[in-house]
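Take a look at this one; I'll ask things after.
Chain IDs A, B, C and D follow the sequence of writing; residue 1 opens each chain.
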Amino acid sequence: MSNALGLEVKTIVETPPEEVERVKEWINTDEYKEKNFARQALVINPAHACQPLGAQLAAHGFEGTLPFVHGSQGCASYYRSTLNRHFREPAPAVSDAMTEDGAVFGGQNNLHEGLENAYAIYKPKMIAVFTSCMPEVIGDDLTAFIKNAKQKGFVPKEMPVPYANTPSFSGTHINGYDSMLLSILQNLTEGKQIEGRCTGKLNLIPGCDFNTGDYREYKRILEAFGIPYTVLADISDSFDSPCDGNYHLYAGGTKLDDAADSINCKATIAIGSYSTAKTFGWVKDNFSGKHASLPMPMGIEKTDAFIMKVAELFGKDVPASLKNERGRAVDAITDSHQYIHGKKFAVYGDPDYLMGYVSFLLEVGARPHHILCSRGNKKVEKDLQALLDGSPFGQGCKIYMNKDLWHLRSLLMTDPVDGIIGDSHGKFAARDAKVPLFRFGFPIFDRVNKHRYPLIGYQGAINMMTEICNKFIDIKDDTCEDRLFELMR
Amino acid sequence: MSNALGLEVKTIVETPPEEVERVKEWINTDEYKEKNFARQALVINPAHACQPLGAQLAAHGFEGTLPFVHGSQGCASYYRSTLNRHFREPAPAVSDAMTEDGAVFGGQNNLHEGLENAYAIYKPKMIAVFTSCMPEVIGDDLTAFIKNAKQKGFVPKEMPVPYANTPSFSGTHINGYDSMLLSILQNLTEGKQIEGRCTGKLNLIPGCDFNTGDYREYKRILEAFGIPYTVLADISDSFDSPCDGNYHLYAGGTKLDDAADSINCKATIAIGSYSTAKTFGWVKDNFSGKHASLPMPMGIEKTDAFIMKVAELFGKDVPASLKNERGRAVDAITDSHQYIHGKKFAVYGDPDYLMGYVSFLLEVGARPHHILCSRGNKKVEKDLQALLDGSPFGQGCKIYMNKDLWHLRSLLMTDPVDGIIGDSHGKFAARDAKVPLFRFGFPIFDRVNKHRYPLIGYQGAINMMTEICNKFIDIKDDTCEDRLFELMR
Amino acid sequence: MSDKIRKVEGITKESTEALIAETLSVYPEKAKKKRAPHLGANDPASGSACVKSNKKTVPGVMSARGCAYAGAKGVVWGPIRDMVHVSHGPVGCGWYSWGTRRNMMSGITGVTSFPMQFTSDFQEKDIVYGGDKKLKTLLEEAHELFPLAKGISVLSECPVGLIGDDINSVAKQSAKELDIPIIPCNCEGFRGVSQSLGHHISNDTIRDFIIGTREYAEPESPYDIALIGEYNIGGDAWSTKPLLEECGFNVKSVWTGDGELEKIAATHKVKLNVIHCYRSMNYMCKVMEEKYGIPWVELNFFGPTKIRNSLRQLAELFDDTIKAKVEAVIAKYDPIMQAIVDEYKPRLDGKKVMLLVGGLRPRHTIGAYEDLGMDCVGSGYEFAHTDDYDRTAPEMPDATVVYDDPSEYEFEKFAAALKPDLVGSGIKEKYVFQKMGVPFRQMHSWDYSGPYHGYKGFEVFARDVDMAINSPTWKLVKAPF
Amino acid sequence: MSDKIRKVEGITKESTEALIAETLSVYPEKAKKKRAPHLGANDPASGSACVKSNKKTVPGVMSARGCAYAGAKGVVWGPIRDMVHVSHGPVGCGWYSWGTRRNMMSGITGVTSFPMQFTSDFQEKDIVYGGDKKLKTLLEEAHELFPLAKGISVLSECPVGLIGDDINSVAKQSAKELDIPIIPCNCEGFRGVSQSLGHHISNDTIRDFIIGTREYAEPESPYDIALIGEYNIGGDAWSTKPLLEECGFNVKSVWTGDGELEKIAATHKVKLNVIHCYRSMNYMCKVMEEKYGIPWVELNFFGPTKIRNSLRQLAELFDDTIKAKVEAVIAKYDPIMQAIVDEYKPRLDGKKVMLLVGGLRPRHTIGAYEDLGMDCVGSGYEFAHTDDYDRTAPEMPDATVVYDDPSEYEFEKFAAALKPDLVGSGIKEKYVFQKMGVPFRQMHSWDYSGPYHGYKGFEVFARDVDMAINSPTWKLVKAPF
């Protein structure tokens, strides 16, 4: 029998319950894991987004800056809502709403009309343009388009309109962040280098970090040092702004003048060697002063490294307040080490976060048993392996490069761990594996205020240790027999 | 049949399982609740300790101060271990180890020998003496004893040896705190008032608060104002000291010189009108400048009141950084209000904490349904009732004065709530009632680092809101059907 | 349609038109000219649209709109629980739309239901060499790892169309080889002006590949209906489906909330299609009407007044058995609903709400607010068409502002003037208004709550609206210093 | 007793005595004179105490000791699960000892077991007018609210004795009226010099009010034994009791861990008392020996070496059936224990531990550390007597320092000189050493872990010791700047 379309017509038959049961068990087996890891084409539950998202994050990090998506308006809606959900904050951005015509005529008209309108309505000090798929596929020439826009007066000639090519079919959000940030810095500092001038300031580039608490923590640390600084791409006020009855379209960001003058700095530290690779490469060659690229200062050792680098670059001693803070963090850690010692973790996320999680876990005596990097290169793998090799707690831990959260599920079901560190998307695998998910990183859609608690610095180490240990105690309290339920833990 | 002692000898009979089952159900009934609330003499699971514990806390709040228990050495061991467990920190204190002889001869010899040894071995700058039961029952005259000790040279004449009578059979630890603090201040400031001198400083008395984060938060706020201050009885470094390889017997505390000069202050704020009642009464009459007694600044409204009082006393505007902080806290609260709105809580604890919890819950739209005060007077009840009367969310909420955690259990089983706020001792009732216990207050024996996170100030409001809301979301995630388990919350 | 023309104090045609003019004054001429026809004062008496709609979004103005892919993946296909839905192209589109629409699902994840993100995660080389071969491999892998999936949809993202891949032929070949339905859907984001075209394309795809390919195993009955345009947001379908069953109907399939492919494929056998979200699925109702002679009726399941009217309207199309059951149902729920109204209305009476949602709720929810004593003082759609605005006119009070695809700027300006007690819109707008201290509920996703449909939903809706408006936290917004 | 005299490199009688002298140098003369006899260098060959003990604590020196009440409530009575234990007097003593000793309990809280805090919460007026009447009322209330409690203990706090209350007469009268055992225990904290007198008083009270008042329902057997001085810290008894049962014994009662009043009361019917904590319960062993002719044997359940020796020592007292079973048990566990040693010893070999605990573990745990390759370089007790120190001498290496009721100052000084890799003591000492970066385990409470007794316990002990010493967190203590 066939229907009007020539398609076969069948009677509906329900899948037998025993077959459902069989498959339900099967997907937890080693056999399934092998098939799952044999995948070549299908990606299931990836732990990374696409470049423009990161580009938008970087754009929000500058004063009066309107992120501008050259592409379909749907793209912009996706980036914006993702940031809204993570930060529970506005994420104002526009697009030039390209449609089919773009494929035929190119996107210049959309870009020009978009710039004109955006400038008139939203009165930005800078418009940061980045691309989604369409213009990348059709090959729009943004250099020319923007030059023309200024010539035709759609935006003032003096207004910075940096742009970045951020094709979604290459890299992840961290690369988009890097490209946009680089473009902004190139644009703002162009011609601003002054021979002999030194601002005496430290440029700090926090990297593609979605935790506003981290930004504030960096600043607090530098203030403890008494070192003048410019945080480049400072999203802290942009995505953690007061609720006081007034909405500010541009709630925060690095002052454009400071960013322009950053080229005359005393030193620059770029955090996150993967999400600031291109930017740091350029800064190193173009900014005055000294330059350092450091891993995210997660845990005591990596924070020590950061602190010492700052001290070294500025020839300062580490202030007593930070020494004490370090001591208190170590105290918090030694006080609680027994709750995490030897515990196995699965961790996933962006390479820079991963390096931090792994370093922290190893130094407190936990085992980063499954390390899953959704997208990363050989260098990421080598750096992670070096961390593992440096600790007895790294023995037996394994790195899975370019794998997704459906791979993770197989790992969890066949080689269980005690906890998972990652973003909200891991909650399904965590539920199936019946282990807690520690929501660090990005995105966190299902818990409140997490991005306000720093993960970096000594305070970040306290925060991670506290959350993890208290959760393990929660679990003990929740699941122990009555006779083992007790006042002290 | 009777045994050698003339006692009846019976054969062991096990309680029948159905009888066990019956009683197990019965203790959860309204009938049981009535019997339970009819108790006149028996106290079961009280939520308060005795005076000397609070006295020791106050003593730790001063530079180089050795807490000295005049009484049995067992008492001192109990206070110390309680503080050790809560803070996971040392709590050095000595006792003069009174025994039976004391009942006959009085405790002067013990006190003298104790002072001599303590001074020689532990080299304190001040010895703060407080009493446990024995000397209080036998009526030791500490004024005379200490005078004699100095005359006989057991301790230098110039060394401050304040003392407080802190009988365990009256009041609770908060009263012991108050008495010891008063005695220390009286002792240190004696003769230090200088006509016409004004230090320009604010004295802040945080009250009997066992959260070191709160002390640091007060100081941070005052620093944001740029107001010079002396925190009187500052335990923050005493009970949150660095782990850096060195043990310091006296790790923190208010400088004795600052405490002595506090009498010449510009203003004094005493936090916690119940735990600093006596102290504030005396300060008001004896310290220069202005004086204010304020509730613990928990939640936005009470923090506003604190901030405004500081601003008023010093004729300063509220600094922008605090305004922004307030806005961010309100943002954190409005962002998450839906997770707590209308939720019912049982709360218990010391009166000052209770006032804070209730005020916070009401302002975020939750209901402090059962308010249980382990020990408090009519004023406490009146003040709590006034809070309830001021909000629609206070309707139907009830205050239980001078009740214990076994009463609480009956309330929870017969009139359930969504969550409990209190100390670790509530965990048994919480488990029986199958609701989460939010561990604020004192003591917290079974979770780590809680005392490092402030409950007061705007940051404290974020902390409480975050912990509570995320726990409710945890519960939803943990208990919902598969079909209702989702990425966003 | 509402009984009479309602007015809101202070709102007149003049005031609204002045507000619109004032709002547009900042725009460049060209943009102003484009935007002006999309903003208007409602004329309920006319019963027709006061604005233009379904036009290209003006570049650069911060629209809330999504794209065709969003309409296809997020709205129509995503909710079908027993299919693997492949976001074909780069990683982002699928990632952003993963788990964010709250179309709830039964079943066992990865076994019988698939609320996961499946993507071909295009790389540079796929753009250069084309992705058809990868797609073929991917389909085999999906079938091997998820053997109980009843079918696979392939949802094209922008590059697929731009580089000229032929997913239709891959789908056809693989469907044959794997012996399961594989549905290619050319819903590239650049097509059309909004989500709306994605709905239409998806409807057409259902028409071309699905409808009529299955038949129900159980015998037909005169009370067989399908529930169309019900996406089970926050569990809506778990409120409406049982309600219709309580009224005596057999709900043979739900399009597409918690949907099952084969039941959808057999929908040509029902006696009536009941449509809730007209915008996204009227196409297939019309197809089924034309091709299989199935009548359809458009209902509203928000709030007791609209539910009552809807159920009676539905009963009119059936026999006395149904009519009696429907009256029994109404009689059962009326007092329950009244109790809810009695609880919340005292705290909500006279409060004003402004809406900006998708293609249904800007009109359908008005009655529910009115049940609670509230007035809707402004409403608009992201991606509606004229027929939607026609239907909106009688629902809104006289002269209130209507906005089509408004920019965030326009929406803010209108709100600043109208001072609503509640704004109901999407996540992109939520925190803008909350910063201003204006209570807000997400009306796409029920703000992580729900259901809002049906009697069961009204209780939740009323509670949430009360919570939003009467939370004491708003009193904290203004500092006393 | 150990096989041979062990030495620790660098420790000699001279070095230890110099250390002691140096430590005491800061003390005032009187205190120095008092303290000196309590500190000594071990002489294992002598087999006898090298220090004085059980003397009054020197005032003002920061002792770790508790009081008689603590010994009675915390140690002896508290663990009996089916009794209500009333802390009679002010609120504090009961509150501080509530749930802090980790004597684990079976049963249903508030129904069949009572790990709660019961207090008469004395107020000023109770001091003035006496608390006997309150006590009487309280006992009635307890009986009414906890009808399944098998008895009530009344544990006096300091004021009770000082004001001259007569709890014995109240208890007697109420016991009659309520028809349950009510045991008055005059364990006021001011009595004696430490917890130790509390143990003794409690033992005497058991002798006077409990022992011999019950008989087991089931028939006697030659393998009936009681386990004495096992308090089930961290579940110890749930390791040792099954182990003894596996060896063929009927463990008729445990004193008093997870204890049951009536089974304890019938213990005069067993064939042998096996005692673990000699200090706290030797009194009742001796009473039962004298009065009922029950022999007793002192064993050590820490670490495989001591367990093996202990089980064989026990088997020697019984027939071949038991001997065979014991050998089977040893054969079964030896390889399991060896595996544990093989796992941890490589990381622990040669590490040094210092101990300061209560009345048993400063000697009993030494073998367990040695099983892991560790040396005990200093040990001492809070409240031991000469017979404890006699038993300690052969367990410790030659010339190592022994300290009785040391002040925290002394303990710190010794540790600073001896540089142990681990300190095992109580909560009051824990954070002092951790601040110094010295790994620490609470050896009263097993640091919220356990059990440490028996074979099951050794696995936990070994893991914990390894965790403490080899946690990488200690490497973080010293800042690199």
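We take it that a contact is a pair of C-beta atoms (placed from the backbone, for glycine too) under 8 Å apart; a residue touches a chain by one contact, two chains touch by 3 or more.
Just so it is clear, the structure is predicted and the values come from calculations on it, not from any experiment.
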Quiz item: Which chain has its C-alpha centre farthest away from the C-alpha centre of chain B?
Solution: C
Quiz item: When A-C is set beside B-C, which has more C-beta pairs in contact?
Solution: A-C
Quiz prompt | Distance from chain C to chain A - Cα centre to Cα centre, in angstrom | solution = 31
Quiz prompt | Gap in Å, rounded to a whole number, between the CA centres of chain C and chain B | solution = 53
Quiz prompt | Length of the line joining the C-alpha centres of chain A and chain B, rounded to whole Å | solution = 41
Exercise. Could you grab the centroid distance between chain C and chain D? Build each centroid from C-alpha atoms only and quote it in angstrom.
Key: 69
Quiz item: Hey, what residues on chain D touch two or more of the other chains?
Solution: 98-100, 108-109, 431, 434-435, 477, 479
Practice problem: Find every residue in chain A that makes contact with two or more other chains and list them. | Solution: 85, 88-89, 241-244, 323, 326-327, 330-331, 334-335, 425, 428, 445, 486-489
Quiz item: So which chains end up touching which?
Solution: A-B, A-C, A-D, B-C, B-D
Quiz prompt | chain D residues within the chain A interface of the complex | solution = 98-100, 102, 104-109, 235, 258, 431, 434-435, 445, 447-449, 464, 467-468, 470-477, 479-481
Quiz item: In the complex of these two chains, what residues of chain A are touching chain D?
Solution: 300-301, 304, 307-308, 311, 317-318, 323, 326-327, 330-331, 333-335, 337-338, 341-342, 362-365, 391-393, 482-484, 486-489
Quiz item: How about chain B: which of its residues touch chain A in the complex?
Solution: 85, 88-89, 240-244, 323-328, 330-332, 334-336, 339, 424-425, 427-428, 431, 445-450, 452-453, 462, 465-466, 469-470, 473, 477, 485-489
Quiz item: Which of the residues in chain A end up touching chain C in this complex?
Solution: 3-5, 7-13, 15, 19-20, 23-24, 27, 32, 35-36, 39-46, 48-50, 52-53, 68, 71-75, 77-82, 84-85, 88-100, 102-103, 110-111, 113-122, 132-134, 137-138, 167-170, 172, 241-248, 406, 409, 425, 428, 432, 445
Quiz item: Within the complex, which stretch of chain C touches chain A?
Solution: 26-28, 30-31, 56-70, 86, 89-93, 95-100, 108-112, 116-124, 126-127, 134-135, 137-138, 141-142, 144-145, 147-148, 157-159, 161-163, 189-193, 195, 208-209, 211-217, 262-263, 266, 291, 407-409, 412, 426-428, 430-437, 477-479
